[in-house]
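Each of the next two complexes has chain A plus one more chain, namely chain B in the first and chain C in the second.
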Partner chain A sequence: MTTQVIAVEQPVERPVESQWSIVRRRFLRHRMAVSSLILLVVLFGASLLAPWIAPFPRDAIDLNAQFLAPMSRNPATGALHILGTDHIGRDLFTRVLYSARISLMLAVLVATLTSVIGAIMGLLAGYYLGWVDTLITRSLEFISTFPFLTILLILTSLLLQSPDLIPIPGAFIALIQYGTGVPGDEAASLALIVLALAVLSWTGTARLMRGMVLSVREQPFIESARALGASNRRIIMRHVLPNSLPPLIVDYTLAINGVLVLESALSFLGYGVQDPTPTWGNILAIAESNMLNHPWMPLVPGIPLVIAALAVNFVGDGIRDAFDPRSVLGGAGATG
Partner chain B sequence: MATSPLLSVEHLEVQFKTQDGIVRAVNDVTFHVDRGETLGIVGESGSGKSVTAMSLMRLIPNPPGKIAGGRVMFDGEDLLQLSEPDMRHIRGNRIAMIFQDPMTSLNPVLTIGRQITESLELHMKLSNREARRRAVELLQMVGIPSADRRLDDYPHQFSGGMRQRVMIAMGLSCNPELLIADEPTTALDVTIQAQILELIKRLQHELGTAVIIITHDLGVVAGMADRVQVMYAGRIVEEGPTSEIFAQPRMPYTIGLLRSIPRLDDEQGRKLNPIRGLPPDLINLPQICPFSPRCDYFQAGQCDAQVPPLRDVAPDHRAACLFDITLETPVTAGDPVSA
Partner chain C sequence: MAAFLIRRIAQMIIVILLSSVVSYALLNIAPGGPLTFLREMNNSGRTRVTPEDVARIKARFELDLDLHIRFSRWLIGVPDGPLVIGGQTYLADWVIGCKTPGKVRLRYPDGTTEIIEEGCAAPLTLQDLVDGPPRRDSRGILFGDFGLSQAILRDRPITVLIESRLPYTIALMGMSTLLSILIGVPIGVYSAVRQYSRFDYTMTTMAFLGASLPTFFVGIMAILIFAIGAKGAGLPYLPPGDASAARDYVVPLLGTITKESPLDYVLHFIMPCGILVFTSVAGWSRFVRASMLDVMKQDYVRTARAKGVRERIVILKHALRNALIPFITLLAGTLPGLFAGAIITETIFNWPGMGRLLIDALGRFDYTVAMAVLYVTIVLTMIGYLLSDVLYTIVDPRIRLN
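Coming up: the complex of A and B.
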C-alpha cells in the first residue's frame, strides 16, 4: 500500500508558501497600493527629517511676514517661504512638513489602540458568548448610541482644560513624544486626544471581530484542537485569532484613514490638537478663518491631507484584494 | 487482560435545550470498551452516536447541550466528575478523536508540523527538536512520503486522504489508550476510504489502542469492529459480536438496515429496500418502543406500552425487542409472535 501511495501522492515540486507570503506577493502586484505605500513612507520619512531639512524653526513667529503667499520672500530677511506663511508669520512649508509626522503618528496610534481594544473585546465576546458577550455587546451598543462628535467634543474640551482628570501613564506620553517628535507638554495633550478617540471608536472593530470569531469558532478545526486537549487561551491565540485576522487588518488601515480625517475635523472645530502643535487639521482650521482673503491657505495643508488619506485607502484596498482569493489583479492571471 | 474494561459508560443521558423543547439526544446508554478492542457504533443521522462520542470527551457545547446523567468510567475514573484542566489532560493524551471532515479539521493557517506537535507540546512537554522528530516519525507511520519536508506544508497542499492521515497522526501522537473515530471515512472516496481503514487497523494492532468507530456505513463496521452496537433514537437497540449482528440480527431495526444494503449479486433493476417512515422526533419521545411506528412486526398493545429493555438473546448478544424476531420471521403485520 505504501508504495502505491508514494506513486500517487508524490508532491509536485513547488515552493512552500504560507498564507502570508501569498498575501505579500499579491499585495506587491497591486500597483496603486504599492505606490501609495511608498508615498506614505516618503511623506513620513521627510517629516522625520524635518528638523534638518525644514527652512525655519517649527514655531518661529514673524509678525513682519503675515499671510505671505506661496513662493514669496520675507520682506525683512528676504528668505523664501515656499508655501507662504500663516496669520502670525510662521512658515507653512515647515509646519506642514512637521505635521505629517504628527498627523500620521496620531492616526496610527489611535487606529492601533482602537484595533487592539476592539479585537480583544470582539474575541472575548465571540468566543465565550454567554454573559461575557452580553456585557461587551451591550456596552458597545451603549457607546455607539452616543452622539459621537458631541461626546468627543465634550470629552476633549474637558480633558484639555483639566489634564489631570485622567492619569495617563508616563510611558504612553513618552511613546507619543518619541513618535511625533513634539515637546513633552504637547505630548501630554496629544495623549488625551488619542485616548478620547480610541475610547469612543473601538466599537466597530469589536463588532467586526465578534462576527469573525462567531464563524471561526464553529469550524471543525477548533473542535479538533479542543479534542487534542488545548485550553481556551491556546485555542483563542493559536486558532481563532490568526483565522480572524484578515478583515481586522483591512479594518485597521481604514481606521487610520478615518482618524486622519476625524482629527482634522476635530481640530477644525477647535477641540483637536492645540496650537502650536501643528497638524494638518489645525493648520486647516487657522486657514479656514482667513480663507476669504487668502484662498490659497487651506490648500497648503488640505492637499497633503487628501493625498495621505487617499494613499492609506489604496493601501487598505490592496491588502483587502490580497486577502481575497477571488479577486483578479490587473489580469495577472491565476494565483497560488 | 485487566478485568475491568478500559471505558465503561453507564446510563448516559445527554440533552440539548432548543426553542422547541428539550432534545433528548442520548437516552440511558450503557456500554463498555475493553483494552485493545474495536467497538463499532452504527446508526443513522440523529441517532445519537456522535453525541455519545462527544460526551465521552466532554466536548458537548454547553449551552445548549448538557450531560444530564450517567457515568463515564475511564480506567477507574469518572470523566464527568473531573475538573476542566484534568479533562484537558485526558483529551488528546489518553483519549484521542478523529473527525469526519479532514478538509476542515485542520487549521488552514498553521503548517502540518505545528499542528502535529501541538498535542506533543501540550501533553508530553517535548522540546522543539524532539517534537519535530516525533512528528516526522508519526507522518511516516501513517504513510506520508517525504515526511520531513511535508511538515512545513500547509493543509491546503494535502489531498483529503492525506489530511485524514495527518489527523490520524495527530490523534495517535501521544499513544492514546482510546481512539474515537467519528465517521473517519465519510468525506473520502471509496478507495481512499479502504486505505484509511486499513491504516487505522494496522496502527491499532501495532499500538494496542482501543478504537470506537462511529459510522452509518455497515461495510466499515463489518471490516473493522470486534463488537457492534446499533443506536436508534438515542438508545442502544442491539449489541453483540460483529459476526452475530450481521448473521443473526435480532432487532427489527438492524434487520431493516441489513435488508436495505444493495447487493452486488442482486438481479438488475431491483429497487432498494428502505425502512419505511422517518426516525422519531427526539423532543417528544413517548415511552414506547422508538422504532415501533416503522416496525414490520409491530404488535399493538405491547410495543406501544413500554420502552423495550435490552435483553440477552444469545450469549454476548442483546437486543431491545420484546419478541424473538430473526431474519426468518415472516413479515406479516398482525400475526402475533410469541414473546
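Coming up: the complex of A and C.
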C-alpha cells in the first residue's frame, strides 16, 4: 500500500467528563471533607472490628471496678481500662467503640428511610398534582405543626413502653440486627426508634423533592418524552428523578448528621436507645449524672460524638459544594 | 383581609381538632392505665378487687363511657348530663356507655373455662352522669381544662402544674431569644456588609460549629468548666443546676449568696441562658446575613447609593428594614418555643420549666400532662403562623392576602 494518506488534521480530543466525575473531582479537592470522610470510614471500620479489638466484652459488669479513671488498671485483674469504667464497672473504651457502629448505622438507616419516603411522597405530589398533591401537602403541613422533639419524645416513650403496639416485620429487625450488630431483642427496640424518627422527619425531604419536580416537569425534555409516548412511570424514573437527584443527595448527607445528633439527644434524655445497648447518647447520660464526682466521664463519649457530628457535617458541606457549580471551593468548611 | 382571616381561622380550627384527635389517640394507647394495674392486682391474688371497685375506678377515669363520648367530654366538656331546655330534660335515657360489662363463660373442648367480658349487663345513660358515682366536671381541653395530673401532682389540676412551671420557661426562653436577636442581628448585618471578610469567615465558622455541636454536649461542657472546674480552681463559679439554691452558699469574690435572693436567681440563670444564646445566635445571624445580601442587590439600594445617600443610612434604613421582613416569620415561630421550653437545656440544668415538665411527665408515665404540653404547643404554633401572616401585611404593604 503506497497510497499516501493525506494527513487530516486530527480533531481536538476533548475529554468528555460526566457530571459524576466532575462532582467526584470537586469533592476530592475539598480537603476537610475528604479527611472527614476518611475519619468516618476508619471510625466505622474500627467499630465493625469491635468484637476482636475491644479489650472487654461489651456488657461485662465488674462491681470491683466502678468509676475507674482513664488509663487505670483494674484493682483485681490488673487489666488496663483505656478510657476508664462506668458506674457498674463496664469498660468505656469497649462501649464507646461499639456505639460508633450503632450510632452511625442508625443515622444512615433513618436518613435512608426518611429520604426514600420523602422522595416518593415528593415525586408523587409534584408529578401528579391534583388530589394526590393536596393530600400529601396537607398531611406534611399537619405533621409540621407538631413540635418535633415533644412529639418524638412522647412517641418513643409510648413505643418503648408497649413494644407490641406496632408490628414490625422480622426482615426489618434482622436488617437492623445485621447492621448494628446487636442481639435480636435489642434490635427490636432499635427498630421502634428508627420508625419513630423516620415517620416524623420525612416532611422536609418531601417538600424539597416536590419543589424540584415542579420545576423539572415544566422543562421541554419532559414534554418531548411525553410526546414520544413515554409512560408516567418511565418519565418519573428516567427523567424526573435523575434530574432532581443532586439536592436530594445533599439533603441526605445533612439528614445523616441531623439524625446522629437527634438520636444521641433522645438517648441522652432516656427515650432513645436503652441502656445495655451502648450509644454515645446514653453513655453521656450516665456520665452526666456522675460528673460532679467524675468530671472526666462526659468527655469519653462526648468527644467521639462531637468529632463524628462535625465530620458528617464537613462531608455534607463538601458534597453540597461539589454539586453546586456556583460555590467557591474552600469556603466555610475549609476555614473551619 | 377579613375573608382571609376567617379562612385562616377556620383552617386553624380544623388543624387543632385533628391534632386533638391525634393527641387523644396517643393518650389512649398509652400503657400503664389504671385498669392494667387493677387487673394485675387481681391476678396476683393478694388483694381482692370487687366489681364495685372496678366500677368506681372505671367511672373515675371515665372508662365506662363510649370512646366518642369520652373524647367529646375530654375536648369540650359535654355531655355532662341530660339536656335541659326550659325546665324540660331531654335525652335522659340515651345510652352512652356501660356500667358493668356482661360476662360470658367460655368452655373449651379440653374442659378449661374462661370468663370473658362481652356485651353489657347494665347500660349507662346520660342521666347516670348526674346520678351515678361522682365524676369530675371538665370544661374540656379546648377551653383550657387539661384534667388532673396522675403522677407528678397526684389529682391536682394540670393547669396548676403548668402555671407553676410557665414563669421559669418564659423567663429563660424570652431572655435568651431577646439576647440572641440583639447579638445575632448586628453580626448578620456586619457579615453581609463585609462579605468574605475575615469577620464574615469567623462568624460562618462559628455558625457551622453552633449548628453541628449537640446542645447537650455544649451544656455539659459549660457545667464542667464554669461550675465544676471553676469551683475546683477556687474561682467564682456558677451553680450547675436548678433555678435557685436550697441553702446559702459561698462564691469567691461574691461572698455568701443567700438562697432565693435575686443574685442567687441571676447566678442560676446565666448558664442555661448563655447556652441557649450560644446555640441560637448563629441561626439568627445567618438568616439576617442571607436576607441582607439579598436586599443589598436590589435596585432601590443601588438607586439610594447613586443619589448619594450615605452608606450608613443605605444599610440601616433602606436595606435592613426590608431585610427584616422575613425575620417576622421566624419571630412568630419562637412563640411555641416560649411555651414548650428548650427540653434539652432545661433537662441538663435541671431548670423547672415546661421542657423539664415534659421529661418528668414521660418519666413517670403521666401522659395526660405530656399531652397537655403537646396540645398547648400546637395551638400556639397555629397562632404563631396566623400572627406572622398578619404581621407580614402590616410590615410589607406589597403583600396582599387573599
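Note that the second predicted complex is superposed on the first by the 316 of 336 C-alpha atoms of A that agree within 3 Å, B and C clash if a C-alpha of one lies under 4 Å from a C-alpha of the other, contacts with A are read in each partner's own complex, and residues count from 1 in each chain.
Just so it is clear, a residue touches a chain if its C-beta (ideal position, glycine included) is under 8 Å from a C-beta of that chain, and two chains touch if they have at least 3 such contacts.
Just so you know, these numbers come straight off a predicted model, no measurement behind them.
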| item | value |
| --- | --- |
| Larger contact residue set on chain A - chain B or chain C | C |
| Touched partner set for A:E223, first chain B, second chain C, both or neither | first |
| Touching partner for A:S157 - first (chain B), second (chain C), both, neither | second |
| Touched partner set for A:R238, first chain B, second chain C, both or neither | first |
| Which superposed partner A:S289 touches (first chain B, second chain C, both, neither) | neither |
| First, second, both or neither for A:S21, with chain B first and chain C second | neither |
| Footprint of chain C on chain A - complex, ascending | 142, 145-147, 149-151, 153-155, 157-158, 161-162, 165, 257, 261, 264-265, 268-271, 284, 287-288, 291-292, 295, 298-299, 302, 305-306, 309-310, 313, 317, 331-333, 335-336 |
| Residue numbers on chain C that touch chain A, as the complex places them | 15, 18-19, 26, 29-32, 201, 204-205, 208-209, 211-217, 220-221, 223-224, 228-229, 240, 336, 340, 343-344, 347-348, 358-359, 362-363, 365, 367, 370-371, 373-374, 377-378, 381-382, 385 |
| Chain A to chain B touching residues, read off their complex | 1-2, 5-6, 9-11, 16-19, 130, 219-221, 223-231, 234, 238-239, 242-243 |
| For the chain B and chain A complex, residues of the former touching the latter | 57, 59, 63, 85, 88-93, 96-97, 99-101, 104-111, 118-119, 122-123, 143-146, 150, 152-154, 157, 159, 161-162, 167, 170, 195, 198 |
